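Letters A, B, C and D mark the chains in the order given here, with residues in each chain numbered from 1 onward.
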Amino acid sequence: MASSIRVRATANGDITEVQALIQHPMDTGFVKDAKGELIPAHYIQQLKFECNGKDVFVADWGTAVSKDPYVKFSFKGAKKGDDLKVSWTDNKGGSDTITAKIS
Amino acid sequence: MKRSLACAMVLALLLAFSFALDVAPARAANEADYKTAYSAAEAASKEAASLRHQWTVTVSVLAAAKKAADGGDFDRAVAAAREAEALAKASIFQATTEKEAWKAMEIR
Amino acid sequence: MTTLPGPTATRRLILQGAASVALLGLGNLPFGAAPARAAANDKYPEEAFKQKSEADAIKALYGQTAEPSDKVKLDAPEIAENGGVVPISVTTTLDKVTSISFFVAENPSALAASYTIPEGTIPAVANRLKMAKTTNVVAIVEADGKLYSATKEVKVTVGGCGG
Amino acid sequence: MKARTSILFGSLSAALVALALTSPRVVAADKVDPVADARAFQNFFFQKFPDVKHEDFVNGPYSMNEDMKRQWQEKEEFPPYEFALDAGKEMFATPFKNGKTYADCFPNGGVGIRQNYPYFDEKEGKVVTLELALNRCREANGEAPYSYVKDEMASLTAYMAFTSRGKPMDIKIPDDPRALAAFENGKRYFYTRRGQMNFSCASCHVQSPGERIRAEILAPALGILNAMPIYRSEWSGMGTTTRRFVTCNSQTRAVPLEPQADEYRDVEYFLSYVANGLPISGPGARP
């Protein structure tokens, strides 16, 4: 199955811009399904970006983050070809990880 | 232009007439009253559907009428059936007038 | 365009700050004097995400109150295209930034997202949040141990003509 | 009950007002002339919105409002339909049980042809839309057809639309009376009022594009299908043309027709033809 994480990391000069889109329902636990039962909360709690063995960005998310969440940030100290490891864990113990090359 | 305004007038009359029906029966409605009101409403609703101009509210009010009748509340059931009939008739009127009226809006 | 928080917003923040301080006295908040959130702290701030009000969430997360600052540039739409996907981003010229967080005041729980900004990461984040209704979006930046905030009201309603 | 009848009178007054509003029109000769219709349709929008670039009309509400356009551009940086697009590409590549693939059903392997759909099938004497052709391809290869309103169909059409991005819409009407009748039937459906709200597609998308309907801005009718299928934040999911027609119907409280009903196929034919020349911008992201 293709990974749930799409990531684009482009380096120009010393600054690498990172964009990530993650396929996840991000259910809040307040929404009812067609049969009227509450859909239990199911959302990514932590998303971590590591590069060259160091955390470059850690996101702690609540239920107010949109479905198929998106985040954009930039950081210094990396160059084209370095590996960027992206991993997330959700409140049901689900998780996924991917390693992308900085282009 | 004059002609389409006239059609709207007829639509208004028709609705007023159906609205008046609501208050007619004095004694409590019984199953027979419900049956006649419901069948009239169902016929109008079927015709609206055949013209492919059915309204969602007609369907829901008709269902409400049936539900009320199943619960034995025939007053409410008859009122709902009458309203469903009025809605269905209005949608039939809409279908027939629009057969020509749409041209008024067309970009030429 | 940065909108400086109007006097009412600042007064409200201070008032809420005062209220929560009072609450502190009652020992309601488990860790009143929590240390400012260190950058490397990876623990998921469970408590902060449970707080309903924005002031309590800020208190639970950072243990202090924020003061509005025009160095925090919060970018959010005037009228949200859709309450489920509201693009919100923040940039700041402050330095030694260790954390950035977003709060949606009248959401079921105010804290929406909190980001740890390690050394070497540019203090700017863009994300898409859910908003329950028209309310204030507050961005908080923790720089050199102090908190700075920017607030903007975003209008939210449903679309379409009914059905 | 009282609320319902008051809404009824409300819609009646809306009807009266709308009827009075429509400017007087001389009844045109009833010879169907699609070329003239398309020119008049496009000129109406070009004159109504002189500062909107012609190819921008395909961006629907975003061609009408700056604040919305900014939110759209931010979404387009990493659009929410990425997943549907990748799924569609994968589905297009995976062969059916009998070894064939979608590419065998479509000219040019299904790549870069979306701008020619819907087309008039002279054998069948009816309009065939892209969604219908996809399901017929599945059935011809022994596979179960997909729902017209669910994600699988949207992923397929998203991929095919993506391969045609930027190509001008190019719908042909053969010199066949049945094709002209289908075009006219589509036009009639577009302008016919329906539902208790007594709105036609034109009431919103011709009379008041650019205006707000609660949180949303109404899209102009010109090029309104060029971005299909669309990822709608409101549905937080993909939507095919069929799903859009069905939901528009229920919003005006009209009972929707069955998917790929003749009227839906014809109105798609009409709307696509009058948008000839405008670029395909699918898949799109919308509020």
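A few notes on this one:
Rule of thumb we're sticking to: a residue touches a chain if its C-beta (ideal position, glycine included) is under 8 Å from a C-beta of that chain, and two chains touch if they have at least 3 such contacts.
Being a predicted model, the structure only gives us computed values, none of them experimental.
Compared on C-beta pairs in contact, A-D and A-C come out with A-C as the pair having more.
With centres defined as mean CA coordinates, subunit D is found 31 Å away from subunit B. Once the centre of each chain is set as its mean CA position, subunit B and subunit C turn out to be 53 Å apart. Averaged C-alpha coordinates put the centre of subunit A at 20 Å from the centre of subunit C. The set of subunit D residues that touch two or more partner chains comprises 80, 236, 250, 253. Counting only residues that touch two or more partner chains, subunit A has 67, 70, 72. Counting partners per residue, subunit C has 84-85, 89, 126, 128, 163 as the residues that reach two or more other chains. The set of touching chain pairs reads A-C, A-D, B-D, C-D, using the touch definition from the header.
By the touch rule above, subunit B contacts subunit D in their complex via residues 1, 4-5, 8, 11-12, 15, 19, 49, 52-57, 59, 61, 76, 79-80, 83, 86-87, 90-91, 94, 98, 101-108.
Considering their complex, residues 67-68, 70-72, 74-75, 80, 197, 199, 204, 213-216, 233-234, 236, 247, 250-253, 287 of subunit D touch subunit C.
Subunit A contributes residues 15, 26, 28, 30, 45-46, 48, 54-67, 69-77 to its touches with subunit C in the complex.
Interface residues of subunit D, counted against subunit A in their complex, comprise 77-78, 80, 82-83, 86, 90, 236. Against subunit D, in their complex, subunit A makes its touches with residues 2, 6, 8, 19-21, 23, 67-68, 70, 72.
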